[in-house]
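Read through the structure below, which is laid out as C-alpha cells, and then see the notes.
So that you can tell them apart, the chains are marked A, B, C and D in the order they are listed, and the count of residues begins at 1 in each.
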Amino acid sequence: MGLDSEVMPHIDMANIACGFHGGDPDVIARTLALAGEHKVTIGAHPSYPDQQGFGRRSMVLSSQELQNSLHYQIAALEGMAKVQGLTLSYVKPHGALYNDMMNDDAILHTVMQAVSSYPSTLKLMILATQQSSKHRQQAKSLNLELLLEAFADRQYTATGQLVSRKLSGSVHDKTALIDQVSQLLTSNSVTTRCNKKLVLNADSLCVHGDNEASIALIQDIKALIVATQT
Amino acid sequence: MGLDSEVMPHIDMANIACGFHGGDPDVIARTLALAGEHKVTIGAHPSYPDQQGFGRRSMVLSSQELQNSLHYQIAALEGMAKVQGLTLSYVKPHGALYNDMMNDDAILHTVMQAVSSYPSTLKLMILATQQSSKHRQQAKSLNLELLLEAFADRQYTATGQLVSRKLSGSVHDKTALIDQVSQLLTSNSVTTRCNKKLVLNADSLCVHGDNEASIALIQDIKALIVATQT
Amino acid sequence: MGLDSEVMPHIDMANIACGFHGGDPDVIARTLALAGEHKVTIGAHPSYPDQQGFGRRSMVLSSQELQNSLHYQIAALEGMAKVQGLTLSYVKPHGALYNDMMNDDAILHTVMQAVSSYPSTLKLMILATQQSSKHRQQAKSLNLELLLEAFADRQYTATGQLVSRKLSGSVHDKTALIDQVSQLLTSNSVTTRCNKKLVLNADSLCVHGDNEASIALIQDIKALIVATQT
Amino acid sequence: MGLDSEVMPHIDMANIACGFHGGDPDVIARTLALAGEHKVTIGAHPSYPDQQGFGRRSMVLSSQELQNSLHYQIAALEGMAKVQGLTLSYVKPHGALYNDMMNDDAILHTVMQAVSSYPSTLKLMILATQQSSKHRQQAKSLNLELLLEAFADRQYTATGQLVSRKLSGSVHDKTALIDQVSQLLTSNSVTTRCNKKLVLNADSLCVHGDNEASIALIQDIKALIVATQT
C-alpha cells in the first residue's frame, strides 16, 4: 500500500485486490479513494481464497465454487466503489487464477461465465496471446467484452504465455523492460524467450508498482507512451 | 446450514451471514437460492471480522473501520443476491456488534451512517426498546428507515435490553418462549426478568433455527401468528 | 463439535483438526479435554490452508511451503495437548491433502519428510493400499513409522484407492459399511467397486462421527470388533 | 519481512509474529532461520486473532479463550523453532493485547497464567512501569519470570504508560529517540510527556525495524549501548 499514492498519478487503470489474497475493507477504501482522486479506471482483482500464499498458489475449485468466489469478491469491491461514487469497469483475475485461466480453457470459460453472469456490465482482462481471437469469440457468445493486456516486465514463451517466474530471465530488468515496452508501442509485438518476434494485439500494458524502482520505471514508461502517441 | 432448508419455508425474513463470522461464497449462494425459492425477504447479517469467535466477541474498531467493514459485507451479499435476481432489503448486525450498538450510541450512530451511506436503499433492523422513538428520529435524520425487532426466546431487562446469555434464565425454554410470543402478539409487550410488563413496538420477531427443536417451535410460532392475525 | 462428546467414548484414536480447515484454539482445547477424559490416542489432522473449503480442495504448495504448514499445525496441536498433559501420537493429513499424498509420490514424500523432521517422534497415518510395503520402506529410510488405515464407509478402487466421493456408491450405506468392516476384521480385505477381493494390511479403521446415525454405527462397529477379537 | 535480514544482525532479541496478526508458516520459518543465523534470542509475539487489523484492535475474549489463543500461538512458534534446532525464550504480546494487559490487571493475570501454564519455561515480556515490582510479585506467585522492557521511540505518560499513538508527539523523531535511549542507558529513566523524570528498571529496549530509516537508527542505538557499557 505504501507506494500506491506514488503510483496512482501515473497509471490509467488500477487492479484492486478484493480481500481474498490481499486487501481488506480499509485498504480497499483507501485505494479506491486514491483511484478516484486521480480519475483512474478501476478493476476488481479477485483471486483464489489464499491469503497465506498471496493468491500465488493454484487451488482446485469446482466451476460453481469459482463463480461464487468471483461474484463475492467482485460484488464487495463494486459496492465499496459505489459508496465513493465510483464505477467498477473490469475484472482481472490475480496470480495463480490468472495463470490457470490462461492455461486451462475450462477455467477461462468459468471465469468468463462468472463475469458475464454478474449483474453489472464489466469487461474481463486477460493476457493477449496467439489465441486472443478465439478468446474474443468465446467471450462474445457470453455477451462479454475482453480487455487484452501485455506485460511490460515479463518474458514471453513462443506461444505467447508468460515464462514462469521460477525461471531465470523471466522478469525483465530495466533495460529489457523498456525495450519490450518500446516494441509493444511501435509494432505491437514482443521478442520471446527463444528470440522470436510475436505479434500481440494488446489493449493494455501491465506494470507492477510495488517498490521504489518501479515508480521511476512507471514514469519512464508513461513518457514513452506519450512520446509514441504524438 | 443443514437446517436452513427446513427453516426457510416457515419464515418471512432471513438474516444471511456475509462471511466475516459465518458463511462463505458457497454457503451464501445456497442460502440465497433457498430464500429465493421460498420468497423470503433477505437481510445482510454483517459482523465484526471474527470467524474464530463466530462474531460473538466485541472488537474495538474506529468508526471508519466499522463503516468500511459493513460496506464490504453488505456489498458482497447484495451483489450475490443480484446474481440470483434477488433484492437485498435490510441490514441486521450480528452478535457482539448487535449488542454493542444497542449499548453504545456512538456505535449505533456509526452503523446507521454505514447503512445510510450505502448506495442502495436498505432498512436497518435493531432491537425494539424503550428508546425506539429516539432511534427512529436519529435514523430519520440520516434518511434511514428502521425495522424494530423483538426476540422470541430471550429474556428482557427492565430497560428493554436483552439479558446476557451468560445469566441463567436468559434464554427461554419452550413454554416461556411461547408465552412471550403470545404476549407480543396480543399486547406488543414482554414480561421482564424483574417481572415488569414492558411495551415494545416491534415490527419483526426474531427466532433462531439452528437445531431440530427450533424447527418445531418455528412452526408453532407461525401457527400462533396466523391464529392471532385472523 | 456437537457430537464429539458422544463419539469419543467409542473410539481409540481421534484425529483433531489444527485450525487450517476446521478447529480453532477453543475447539481444539475442548476436543483435547474430551480425548483426555476418555483416554483416546490423539492425532494431528493438518490440512491445506483452506477454511472456506474445509480442506477439501487441492492446493499447489511447494515442498517447503507444505512442510512449513505441516510443522506449524502439528506444533500448535502438540503444544495445546501438552498444556493438558496429553501426548500427541501421530499425524493424519486431512481431505484433499490426504488424497493428494496417496495419488502423488512427491507429495507423500514431502509429508513423510515433514513428520520425520518434526522434533517429536510421531507416526504418520496413511491409507493401506497395495503399495503399503513400498510406503513402509520409504518411511523407514526417513526413520518414520507408518500407521495404515482402512475406511469403514468408503468404496475401494481396484488398486486400493478410495473411490471419489463424487461417484455414486462411493460412500457405503449402513449395510455395506457393516459388511466391509466384517470383511476387514475377518480377512483383512475389502471388496472393490469392480467386485474384486483386495487384501489390505490395515492397523486402524477410519469412521466418521459427524451425524446422529454415525454414533449408532460406531457403537455397532465397536461391538463387532470386540466380538471378532474374542 | 523485507528488512528483517538487515535488522537481525543488530538486535539481541526478536519478537516473532505467530500468524494471528502477521506471519504465516513460511514467514515464520524464514524469520526463525535468520534469527538462528545471527544467534538472536527468540520470543513469541502472539496477538488477538485479527489479521485485518494487524492485531491493533482490542477484542473482548474470555480468560479461557485468551489462554487457548496464546497457547496455540506459542506452541506453533515453539514447534517451528524446534524444527530448526532453536529454543523459544520468551513471550511478548503484540499490539492491542499488549496495551490491554498493561491497562487491565485481569488481562495481565490471564496472560501470566497462559505463559505460566505452558509446558516449557518461558519468560513474559511486559512494559517496565511504576508497577513493575507488583507485577514481578504477581508473576513470582505463578512461578513466572518477567522481562521488563522500555521503548526507544515512544513517549511516556506520568504513570509510565506509553502515550497513545493517536496523540501527536507520541512517537519520537530521531533526536528524541536517541536522547531517550541515552537517558535509559545512563540513568535507567525517561522524561515523560509532562516533562517529569521517571525511573524504569528495564531489562530490554524495544525498537522497531520496519523501514529503512529504522535500520540506521538501530545501528546508532547499538553503538550507543556498546559505548555506554564499556
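The rule is simple: a residue touches a chain if its C-beta (ideal position, glycine included) is under 8 Å from a C-beta of that chain, and two chains touch if they have at least 3 such contacts.
Values in this document were obtained by computation on a predicted structure and should not be read as measured data.
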item: Chain pair with more C-beta contacts, B-D versus A-D; value: B-D
item: Between subunit B and subunit D, centroid-to-centroid distance (C-alpha), Å; value: 41
item: For subunit B, residues contacting two or more additional chains; value: 25-26, 52, 65, 69
item: Touch-based graph of the chains, sorted into line, ring, star, complete or other; value: complete
item: Footprint of subunit D on subunit A - complex, ascending; value: 24-26, 51-52
item: Residues of subunit B defined as touching subunit D within the complex; value: 49-50, 52-53, 57-61, 65, 69, 96
item: Residues of subunit C touching subunit D in the complex; value: 19, 25-26, 28-29, 64-65, 68-69, 71-80, 82-83, 117-119
